[in-house]
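Heads up, the next two complexes both have subunit A, just with different partners, subunit B and then subunit C.
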Partner chain A sequence: MATVTLKPIKTPELIFEGYSITPDNFAGKTAAQIADLPGHEGKILMRLGDFFEISGNAGETAADTNIVITGDCSRVKYIGARMTAGTVTVNGNADMYVGGWMKGGKVHIKGNMDSFCGIQMEGGELICDGDAKNHVGCAYRGDWRGMKGGTIRIRGSAGNDIGTFMLGGTIIIEKDAFIHVSTHAEGGTVIIKGDVEGRVGGQMVKGDMYVLGKIKFMMPGYQKVDTVEKEVDGVTYKLDHYIGDLGERHGKSKGQIVYANLYVPAAA
Partner chain B sequence: MPKLIKGVGCPYCGSSCDDIEVLVSDDETKILEVHNACIIGTNLFHHANDPTRPKLPRMRQPDGSMKEVTYPEAIDWMAKTMLKAKKPLIYGFGSTNCEGMSAVARIAEKAGAVLDNCATICHGPSFLAIFDNGYPSCTLGEAKNRADVVVFWGCNPMHAHPRHTSRYSIFPRGYFTQKGQMQRTVLCIDPRETDTAKLADHHLMIDQGHDYELFDAFRTVLRGFDIPETVAGIPREKIKEAAEIMKKAKFCMIFFGMGCTHTDGRNHNIDAAISLTRDLNEHTKCSIMAMRGHYNIAGPGQVWSWQFGFPYCIDLTKGSHAHMNPGETSSVDLAMRDEVDCFVNVGTDAGAHFPIQAVQHLKKHPFIAIDPNFCMASEIADLHIPVRIAGVDEPGVVYRMDNVPIQFRAVIKGLPGVPSDEELFDMVYERMCELTNTQPVWLAAKADRKYPESPAVI
Partner chain C sequence: MAQGELIIKGGFIVDPTRKINGDVGDVAIKDGKIVEKVSSSAKVIDAKGKVVMAGGVDVHAHVAGPKVNAGRLMRPEDKLRAGTCRSNMAQKNGYRMESGFSIPSTFKTGYEYARMGYAFVMEAAMPPLLAPHTHEEIHDTPIIDEAALPVFGNNWFVMDYIRKGEVENTAAYIAWLLKVTKGYGVKVVNPGGTAAWAWGLNCLGLNDRVPYFEVTPAEIMTGLMEANEYLGLPHSMHVHQNDLGNPGNYAITIDSLKLAEGIKTKNKFGREQVMHSTHLQFHSYGGEGWGTFCSKAKEVMDYVNKTKNITIDLGCVTLDETTTMTADGPFEHHLHGLNHLKWTNVDVEMETAAGVVPYVYDPNIKVCDIQWAIGLELALYAKDMDRTFITTDHPNAGPFTRYPRVIKWLMSKQARDAVLNSFKHKDKVLDAISLHTIKRELSLFEIAQMTRAGPAKCLGLGAYYGGLAPGMLGDVAIYDLNFKDMPRDPEKIEAAFQRAACFVKSGEIVVKDGEVVSNGHKKTVWVNAKMPENPQVTRDVTQAFTKGTYTMDIRNYPVRDYLAPHPFVIEYDVEA
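Let's look at the complex of A and B:
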């Protein structure tokens, strides 16, 4: 395993599109070659070396490459986007599209992330120690095939639009979320350990949601069917089981209509 | 002898009325009377008579004052500023013609700019919902001739589109709706008792920001399931009654406005409305339409979708492809996040409509306003370039709210020396090509219609 270290040396005047910052792009390159990799600031084609001091050579393949960014990347987009293997660690904040379209490997953001993190994700692991803004694990605009696999874990809170059009994979938000969880989803699991304002599972066809805090406004299309004991992220809870969205179309499996499931803590 | 010009289009609201009659002075420079238009439309035409209308560009001076400059100077400054900027933002186009929108796109390409229109602060979320869920819509003519149940959701046409109800939606007698209003049941869903709500047969006074839940409740009821006792502040019985009215309609028409697109959830509210429309088509015919605000705000969506594949929030900075993702490439977000370093405001007033913080961010960089009149944007701009008024002294194609194209005409002669949007943008494009040593390829294609000699061709 080889580690490439990026030390931020300059804050971009606008925003730097660091789409080259992935183990896949770094693989097989020396520090000097990595510094020459492209990125955009507006319409200007820049180099990674314009914004980062780069040390260490990359491994042979993406899987042997670890990238560590030692400072704040609040104005750097696309970190770890489209990566397939290896790791990226940011010791600070990151801007939009962290781990977007990623297929494998691991991204760890120690600060906060902006919007569109993990959009269209297909595999791998995205961990954020802080908060995320909107559209976590969401589909790209107009695409009805959203997140397909992998795991996103946000240790803080998230905004709206979590797992829109989700087909698979897991999203865990350890604190609160705002509105629109698993809207239009046809699979996947979303776990929210804090409170949610509302719109949980609207237009949802299939998939599971767990909200361990309170839902302020429940969707009218959900009905309670039973109370179950379930393990959620390693802990067992007694949960009320709702099905829905009864207003939406649903498929059948073995002659039974398959609904989306929502689990909330059982009423005492 | 004053001349009466018939079949004139009104360049104000999304109703785009094309039955206006305008009486103009002998020499075609003054508007004397306006017939058929509502008060807003009437005023708009009379406004063109204002003798204080700017006739020359004005540039901000080091001492903060504005000084008149010539058009070539203004064009040169605009071309250079846009080429120099790393990421210029061109925004507006609520009130201009499609010719101007098409011409500005060439500048945007050349400058590597982000191209956005007023939809970004109005019906942009509707576009996103349409991307996600389709658009089972129709024309206003169909609504007029067929709709016997009309739903106004989060819109107030009595004020925003004054002649909408009389031309298309409530009062007119159509082919299958011979009895006009008598034959139509009007539902209004609005948290306030608006004048449209007063006119409606049923007003569902929804809790503000809970439209999505109410759409879901309608859909759940239509599928035969029960719903909670109240949803979004409306009792279950009332929801069931309204659902039954829509279901029993011969043709149900849903019009929605800013109340849906700019409350929490935004595109999801419209998305749910589209799903409801689709569900209702299991029972009867149902159609849905966005109440677009301005007479040609559907235009940029049409023109730019044709040119770039996207209707708004188009990031052309890469030069190789267009990227669109509202939330990132939308004007207000770009401004708030300090992602742009030059702003061009065309045929709208970002100074009045944007959040003040966004305007403050934009004002850190060169700020250009292109507008026939003085407005808030022109007053804070570094450069204000006046142009002719589309639909008054400049003809052009406009798209009505139902995406029907209409050829608007000019009724008076333009102010001498003042170009149209299209002419101005073509000149800026030409100057940019000169500065970058490239061929103005797009101008060659329309050489025959460049800078017409008599501006106000009727």
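Let's look at the complex of A and C:
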């Protein structure tokens, strides 16, 4: 395993599009070659070396490459986007599209993330120690094919539109979220350990949602069917089981209609 | 138009208009036109070892107008699939950014056509009411010359005149509308069916009656062909037939083509057909349902081959994710019911409607594979390549940027077999098609007929486009292909047609080594068929605006001159 360290040396005037910052793009390159990789600041083509001091050579393959960014990336987008293996660690904040479209490997953001993290993700692991803004693990704007696999764990809270059009994978928000959870989803699991304002599972076809805090405004399209004991992220809870969205189309399996499931803490 | 002289030296010239097939020679251009010879001070372009053709002519593509824009608005994800939105050219030379895959931005549309060596593109369906916007978008598309066909097949005036059997009034209305919308010819989309869609109905048979107007699709097509020939327009009636996209529709397709029998062409533009049947792939389906869906390309082409007064274009499925958009409103609703993807529907008062739905032609789905085969079978069964044109009905069956891929498939059995062998349900697909039994590989001459000489003649533009004879416009494409020693690898054919080695448009070099080097000088082509004032039509039109049938004022209806600032008008007097 080889580690490439990026030390931020300049704050971009516009937002820097760091789409080259992935183990896949770094693999097999020396520090000097990595510094020469492209990125855009607005319409201007820049180099990674314009914004980062780079030390250490990459491994032979993406899987052998660890990337560590030692400072703040609040103005760097697309970190780890489309990566397939290896790791990226940011010791600070990151801007939009962290780990978007990623297929494998691991991204760890130690600060906060902006919107669109892990969108249309297919595999791998994305961990954020702080908060995330909107559109965690959702589909690209306009697209009907959302997150397919992998895990996103936000240790803080998230904004709205979590897991829109989700098809698979897991999203865990350890604190609160705002509105629109798993809208249009047809698979996957969303776990929110804190409170949610509302619009949970609107037009959801299939998949699971767990809200361990309070839902302030429940969707009218959900109906309680039973109370169950379930393990959620390693802890067992007694949960009320709702099915929905009753206003949406649903498929059938073995003669039974398959609904989306919403679990909330059982009423005492 | 660029001044000065140019000479393209030593290339293999392929020009079906003069029956030149690969002879080595020079093409001289002066003041934007092809000439016999130029002086020794002319700028020399070396085309040695390369193929030289006229600029391409696209007979049917949806590249401008309200439904194209509706597609752009409803599919932001299409921009993501375009890959990088910043071409190297834009970066280096300060040209405009390009975006979009199936519905490219206006700039990308112009640049990509130019890179493929195309000089002229026909926007295939313009709602007359929204012609000003269409022309603004055309003007914003760089390099390529364009024209637009207003839609007539569901127009209230037209249906009313045809019901009463008034050919002259229909013709006078068409002439008026072409003039005020700066339109080029008569487009018909799902005749009667789109009008019926306003009642939630459709016309799937040729003798279904349109609600209220009580005319049938057959009567509308016949009436419009008669009016078209009365006017002697450069282009014929250009029809998207009824019952598009449904299994078993080939029978109604042949019945519609038969309507051209007995109608004689009358025009001064060298056009021979009275009906152009567009994207025939969508209309050549057999089977009673999707389970028994199969190709009827042979049956349809047998009829086309023996009927001289019709032309067709293919509408090849390219197995891409694309966006369907058509004035066939009921069809788009039907398609939305099949794939459950997002759907836009628009009604244009008194004139037409439109719908937009994304569509994924997935190679793992049997029906998509059969559709792919049908498009190519049509071309390979064709006997007269001057009447058979390459299109993808952009973006309905695939984006126009796939023309080079279609050319590759038509020129190489090896390339076709590679696709066939990649199909998940290959055996089931082979049962429904005959493509795998066809050995024919088209020549460069035939490709030039299908993309240059043929469509130019069909559009009545044979005097300007589609050939390299002196007097024609100086649009010349040079492709990096050795006529005498064609590459064994079919991918090289696709690559050569995708990025022309050089493209000269109106006497100016606009593409060099596959990259755009100039924004060129585009023209908007339209037709002014001058007729004596027809009091009946004038009164009917005026009343429609004053008595509230239209919700707008007639003064706001025409396309103002500033919206088409570089006109190329084909003006003539109609002979009664």
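Note that the second predicted complex is superposed on the first by the 268 of 268 C-alpha atoms of A that agree within 3 Å, B and C clash if a C-alpha of one lies under 4 Å from a C-alpha of the other, contacts with A are read in each partner's own complex, and residues count from 1 in each chain.
Simple rule for what comes next: a contact is a pair of C-beta atoms (placed from the backbone, for glycine too) under 8 Å apart; a residue touches a chain by one contact, two chains touch by 3 or more.
Just so it is clear, the model here is predicted, and its values are computed rather than measured.
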Do subunit B and subunit C fit side by side on subunit A in the superposed arrangement, or is it a clash? clash
Quick one: is A:240 in contact with subunit B, with subunit C, with both, or with neither? Answer first, second, both or neither. neither
Examine A:141 and indicate which partner it touches, taking first as subunit B and second as subunit C; both and neither are also allowed. both
After superposing on the shared chain, does subunit C or subunit B touch more subunit A residues? B
Of the partners subunit B and subunit C, which touch A:50 in the superposed model: first, second, both, neither? neither
Name the contact category of A:40: first (subunit B only), second (subunit C only), both, or neither. both
Which partner does A:223 reach: the first (subunit B), the second (subunit C), both, or neither? first
Once the shared chain is lined up, is A:198 touching subunit B (first), subunit C (second), both, or neither of them? first
First (subunit B), second (subunit C), both or neither touched by A:64: neither
Pick out the stretch of subunit C that clashes with subunit B after the overlay, from 2-10, 20-28 or 92-100. 92-100
Identify the residues of subunit A that lie in both the subunit B contact region and the subunit C contact region. 40, 43, 140-142, 144
How about subunit A: which of its residues touch subunit C in the complex? 40, 43, 45, 139-144
Residues of subunit A that touch subunit B when the two form their complex: 13-15, 40-44, 96, 115-116, 134-135, 140-142, 144, 160, 165, 179-180, 183-184, 198-199, 202-203, 217-221, 223, 245-248
Interface residues, subunit B side, partner subunit A - complex: 85-87, 111-112, 128, 131-132, 210, 212-213, 216-220, 222-223, 225-228, 231, 264-265, 268, 271-272, 275, 279, 317-319, 324-328, 337-341
Residue numbers on subunit C that touch subunit A, as the complex places them: 74-78, 80, 86, 91, 97, 341-342
